[in-house]
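Note that chain A is present in both complexes that follow, paired respectively with chain B and with chain C.
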Partner chain A sequence: MVKSSGSDDARALIRSLRVAYSATPTTLKIIDLYVCFAVLTALIQAVYMGMVGSFPFNSFLSGELSCIGTAVLAVCLRIQVNKENKEFKDLPLERAFADFVLCNLVLHLVIMNFLG
Partner chain B sequence: MARDLVLLFLISLLFSACDSKVFSPISDGHRSAASELFTPTDGSYGSLEDTYKALRTFHILKVDRNVDINSNTCPVVSEILKDSSSNPKDVYFALGVNSMLGCQIDSGMYEALVSRLQSVIKGANLLYDFYYSIKGLLVIKDQGINVLLENADVVFHSIKSLSQSGGRWRFSSDDSESSTYAAGLALEALAGVVSLADSEIDRSMISIVKNDIVKLFDSIDGYDDGVLYFDEKLDVEYHDPLSTSASVVQGLTAFAAVASGNLKDSQIPGDKILGLANFFLSIGIPGTTKDFYNQIESVACLEDNVLAVPLILSLSTAVISATSKDQLKVKVTTVLGSVSPPLTVKLVQAFSPDTRHNPVLAHQELRFDPESSIHSLDILPTSIDIGKYIFVFEILLHDPEHKKICATGGQAQAFIYYTGLIKIESAEIAILDNDVESVETKQKLDLSRDNTVSLSANHLQKIILSFHLTTPLGHAFKPHQVLLKLRHETKVEHMFVLKNSGKHFEIILDLLRLVEKFYYLSGKYDIELTVGDISMENSFLRAVGHVDLHLPEPSDKATRPPVPLVDPYSRFGPKPEISHIFRAPEKRPPQELSYAFLAVTLLPFLCFLIGLMRLGVNLKNFPSSSLPATFSILFHAAIAGVLLLYVLFWLKLDLFTTLKILSFLGVFLVFVGHRTLSYHASTSTKQKSA
Partner chain C sequence: MSSASEETTKGSTLRNAFGGVLGFFILLLIGILAFSIRLFSVIKYESVIHEFDPYFNYRVTQFLTKNGIYDFWNWFDDRTWYPLGRVIGGTVYPGLTLTAGTLWWFLNSLNIPLSVETVCVFTAPIFSAFAAWATYLLTKEVKGIGAGITAAGLLAMVPSYISRSVAGSYDNEAVAIFALIFTFYLYLKTLNTGSLFYATLNALSYFYMVCSWGGYTFIINLIPMHVLLCIVTGRYSSRLYIAYAPLVVLGTLLAALVPVVGFNAVMTSEHFASFLVFIIIHVVALVYYIKGILSPKMFKVAMTLVVTIGLAVFCAFIAVLVALVASSPTKGWSGRSLSLLDPTYASKYIPIIASVSEHQPPTWPSYFMDINVLAFLVPAGIIACFLPLSDASSFAVLYIVTSAYFSGVMVRLMLVLAPAACILSGIALSEAFDVFTRSIKFQLPKALRMTDSSAGDTNPESAALPNDVKPEKHSSSDKTEDNLKERPSKKNRKKEKENIEKVAIKPKHEKKKRLLVLPLEASVVAILLLIILGGFYVVHCVWAAAEAYSAPSIVLTSHSHDGLHVFDDFREAYAWLRHNTEVDDKVASWWDYGYQTTAMANRTVIVDNNTWNNTHIATVGTAMSSPEKQAWEIFNSLDVKYVLVVFGGLVGYPSDDINKFLWMVRIGGGVFPHIKEPDYLRDGQYRIDSQATPTMLNCLMYKLSYYRFVETDGKGFDRVRRTEIGKKYIKLTHFEEVFTTHHWMVRIYKLKPPKNRIKGKSKKSKSV
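Let's look at the complex of A and B:
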């Protein structure tokens, strides 16, 4: 009884979450998708490292940091782009995007240098 | 034993080479050496002078040349003979080579050459010009062409005018100093003038030259063992004694041949000729072509000269063994090794170098074997004991006529080693107690083989080793080396020389006195005994055995045993090989796994794209008007360019190149990015305001 109501609650919770999330603007959804993609890639690399060992450690680290770093930058972009964040209300979208691109380029220059 | 015999042989060789007054004539050794020394390269022996010397040496030694050099040498010869500007020296050597090779030379050319050489002689004032021109004319004359030297008297005078006191000559009238080498050249040139002369040369002139020769022989140098030679006195143009003596001998023999026997009565004794012959033979086999030619040419001149034909006494061996009953064998030949006229060789006496006044053999005639032309003498082992002896020989010619034309040089001395077996008896080794002089242990030794005696002694005892050496005739024998060696386990060695009284050899090692010398090293010492001498056929190096020494502990001040010497050869030997240790390569995963994961990492990207399509992403916001669209495309292209540059940086570029390109690309990117994004910003604000 308790169990079924618990699962019902969970379903209700997920449903409400999905409904709430569907109201999110498409641009933010794209960013979310991008973050998922980056984190997933990082996870796969971590699994690979767990299987074969960390021999070219710098290569592993740069692959991992590339994914995590770009995910973090994407999260930052999402914060700046979200209209509900009053803190960044005056910041234009384009400026935030330019920051994202610039940071990514700098990040990847370092990553490439570190890749070996 | 074999090692001992080799040592014996080497020492005997050394002695026979150094001390023997007896020299070997020209032999087959010279013939094989000539073939090795004069080797043609590319079908010629080098210059015409070298070719002439090589051919002349082969001709004298009667050695066959296996190489045909005509095709390469004859063109050079005819070119020099045709060329009217070539100098007399080249012409002479070309003529000499031609006479031995038989090149096809136009007979008309000889007449032109004769007149050319005649004109050179007429205008010459250098001795070399006279010498080579006259020698050239002589070669032409030998070809059967009639050559007459015009104004021979004048030429004779001009050459003679270069002579100076002491029988020496100058190279040119401008020279102030005279040379012995030049004297030889001048004599040969004068001899040539006499034989080429159209009329007889004034006899008084010839006798003046004879006096010069006698004076020249006053300046002859020599050694104690009957070797005579001429040395160059002139420093400006120096020639070594071999060249100088060769020049004089060639000049002397040539002049003596044309002076119609007059020189024979002069004061040049046969002994001097023999001394010069000994000088050329004492060189042995020279190592250079120049020395070789000088030696052979001079010896050939002496072989049949009219003054005195030197006869050379040579020994077949300087070592005579009593055990194999060797005969004393002596050969008498001319310098070139031809058979001598009939003669008897007499052993005047034989004595030991220490006891000159007491000869062991005297007045014995050697038996002649006509087949092998060897004079031999049986030496009875009863008459002579083993050792080193000086044998004095005398050559007695049978025919009185031969005595006039041959030079035998009186008595000849030779070192001879008479070898045999030495009896070794009553060898024993003993340990004595020091205080009571009583024998503790005593062992007999057999020194004809290695022994394995085992002894033990302490520092209060003495080791005594003794044996007797007797010659076959029962006399005492003192070998050159009688050495006892003690070698410790640590390779520290000690040598002791055994003293003798008559036949008895003995050494007493007082260990109490020797502890310091032995560095207080207790333990096992190997004992070795060496007895060796040139005339002892059973010289030996034997292991006697070993002795265990118990020596006291060293005091603090005692000297340490020396560090064993490093083998000097090992210093130059190969160094031990260096083996490098490399880090083992890291384990790599299998390739398939890595490729699989590469595909897996692409999966999230695929999901990302699918997600984008599900969200209904479109490009509606892309600018439609041409200029912003261009900037927008350029913006994306610039980002792609930067990423591509990163890939290149990873693959091959270095950081500096990358940053240089990036600075340009970055500026461009910032520019187009600014334009694009500001366009987007302006459209979005317009939408908002609308």
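Let's look at the complex of A and C:
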């Protein structure tokens, strides 16, 4: 009895989540996809590390942190361009994107130092 | 109506512009003050590098300017830690040397031909001016411009910081404190604006801090602590996420770029707190996001589901983390960090850390000496930070609390406390002035009018206040309470605390915001007292800068009845070594003098101030505490030609080798158990007179220090220990004296060459 109500709840929850999420603007959905992709890549690398080992540690570190960093920066961008976020109302889109690009540039310049 | 408002806005912009220009000039003057108060050492002594570590930094900078950056990274130094050598490029924090090197290169490319030494001497004062400006920015983020300027002014001359940044004190802390404050400023700026641009700058500034000083672990632990505090107290915002998450990723990567940190940035426990909080903030961010898009009812359902699953995952994660930490050696903590958490750790287990005086816990007077009146203003500042509590002001409170704890563990971490104390005192002073000047401003016209109309009124403001039209009305009962409280409190800090408390309590009691007004006389007196307090602070700081902290310690002076005496023995000795010994000769001395010997005498040393190899230091300690023959054997096995001892008995220089000798015994005994500390003590007392133990009287250090000493005054009276020495006529068999400086402060001995077999045989036969 309890279990069935729990699964009902879960189903209702997933439905309402889907409904709520479908209201998100397309640009934000694209960013979400990007974040998911980055997190997935990070997970794959972590699993690979678990299986094979982290021997060239610099490669592992840069690969893992580049994925996580990309995801984090994209989340920051998403927070800033989200219309519903009242805190960033007077932040123009272009400024947010320029900051995002700058931060990514720094991140990947650093990552490049770990290659090889 | 509109024209009037226009006029007022015009007036206010004009006033703002005027205030801006004034503020700019005040800050400029503060910068000049911060620079010039540190020049006492140059004026009173000369433009030289101070103490021990700065000599190493100076030598590295010289190498950098001569050979370029790539050779610097690959530099293997064979003139120290003989025969091991030291990889300089991978074991120094390069921030300071790179800064000074860049500065030198820049000035030279502008055709300003300064020597490397000059640039090194003045790096610290320049950066303390920067630090004062960074403090202004940081405090501005916390409590506004007024507090910022006050804090900058306080920091420009806080004695604790002066002690590490006088001209010539060319050490990591000189630039690191600026980097520390600037990183904190950028963090708060990001937190207040939520801009990714500042987050990037923050990470870069953190990188500079990691380059400069091992104290960067303070940042990477304090910021997560603050984030956690914000989350726990329900102050999470997306700005917090933007301020923290990019910093961890970028900061970790950048820190791993610095060779001396390397992969420690992800491997050691000092950094784990930041990763843990990084995960927590993501969970929290997700929860807030879902909460935002779901209806409250559905959110409740989601919570119950997630909490059950999340708890299991969390437990598993903690288990993995604990296993990771436990598997690493010393549980992932380095000795210095452990001695932070447990103040008694170092003295129990690592004599080499405990032997350094700046790693000892500070005494109470040193707090008063180093931060002076700030110690009394800080509590008021903490209270001011709570009214109202913002993200930035909670950071300031957290900063002062943690740094106050750490300063209690190690003297040298007092340096981290000083900026925090300045910031909070600046806030306190500025708030207090705010209240007092406002009271005067609102009551002065009233009082004047009152005295005009009724000159005979005994107490003008008591009549004036209750029916004042202005918003800051006061009930007379409150006011009398104020008066009562004001009168007895002679100490300013109490006054301020009460006032600030009142400012804050008022708006809470009534919804309408009311400003506090104090009686006119009380506020005038309070302002006068505050100014006197500030005056005491300035006088103390100038005294500390001029008298206490500007001695370079390689040149000593003493005042006596017949004038000033200068003891320049160290440079005399090093110059002798430079000119009278072979380039490849090895010089043995206690590790304190290693850096100076390599930098000034350019001779190879066995151990130096970078105490990375305990066994090597213990070997030298053992040699110093052994009898002459064994010591000769040890030194000979290390290829040593000369032995250098520092002796203060003739002129009364207290930090000489005899006073450090027990540390040599302890460190030596820690590795070579045949050296036992009790052998050198008579009934637990360390003495060098006739009561001293035979082991003590026969050890090398004793002999080298007191050899021929009796010839100076006929009695052998040691002016540091204030006794006559125990063994007056010392014969050296394996060492010969080659040089003793003018005041006997440095004595250099040469190892005699091994005797020929024939001679040994004949001697044997003679003795038979």
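One rule holds in what follows: the second predicted complex is superposed on the first by the 116 of 116 C-alpha atoms of A that agree within 3 Å, B and C clash if a C-alpha of one lies under 4 Å from a C-alpha of the other, contacts with A are read in each partner's own complex, and residues count from 1 in each chain.
Here is the rule we use: a residue touches a chain if its C-beta (ideal position, glycine included) is under 8 Å from a C-beta of that chain, and two chains touch if they have at least 3 such contacts.
Values in this document were obtained by computation on a predicted structure and should not be read as measured data.
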Partners on chain A (chain B, chain C) - clash or fit: fit
Looking at the overlay, what does A:F60 touch: chain B (first), chain C (second), both, or neither? neither
When the two structures are overlaid on chain A, which partner does A:N113 contact: first (chain B), second (chain C), both, or neither? both
Does chain A have more residues touched by chain B or by chain C? C
First (chain B), second (chain C), both or neither: which does A:Y21 touch? second
With both complexes overlaid on chain A, does A:I68 touch chain B (first), chain C (second), both or neither? second
Nearest 10 degrees is fine: what angle do the Cα centroids of chain B and chain C make about that of chain A? 60
Is A:D99 touching the first partner chain B, the second partner chain C, both, or neither of them? second
Partner chain in contact with A:Q45 - chain B first, chain C second, else both or neither: first
What's the minimum Cα gap, in whole angstrom, linking chain B and chain C in the superposed view? 5
Which positions of chain A sit in both the chain B and the chain C interface? 98, 113
Chain B-touching residues of chain A, taken from the complex the two chains share: 26, 29-30, 33-34, 36-38, 40-41, 44-45, 48, 51-53, 55, 92-95, 97-98, 101, 105, 108-109, 112-113, 115
Once bound in the complex, which stretches of chain C touch chain A? 194-197, 199-200, 203-204, 237-239, 241-242, 245-246, 249-250, 252-254, 256-257, 263, 266, 285, 290, 292-295, 298, 301-302, 305
Parts of chain A lying in touch with chain C, wherever the complex brings them together: 6, 9-10, 12-13, 16-17, 20-21, 23, 57-58, 61-62, 65, 68-69, 72-73, 75-77, 79-80, 84-85, 87-88, 91, 96, 98-100, 102-103, 106-107, 110-111, 113-114
Complex interface listing, chain B residues touching chain A: 586-589, 593-594, 597, 600-601, 603-605, 607-608, 611-612, 615-617, 639, 642-643, 646-647, 649-650, 655, 658, 662, 666, 673-674, 677-678, 680-681, 684
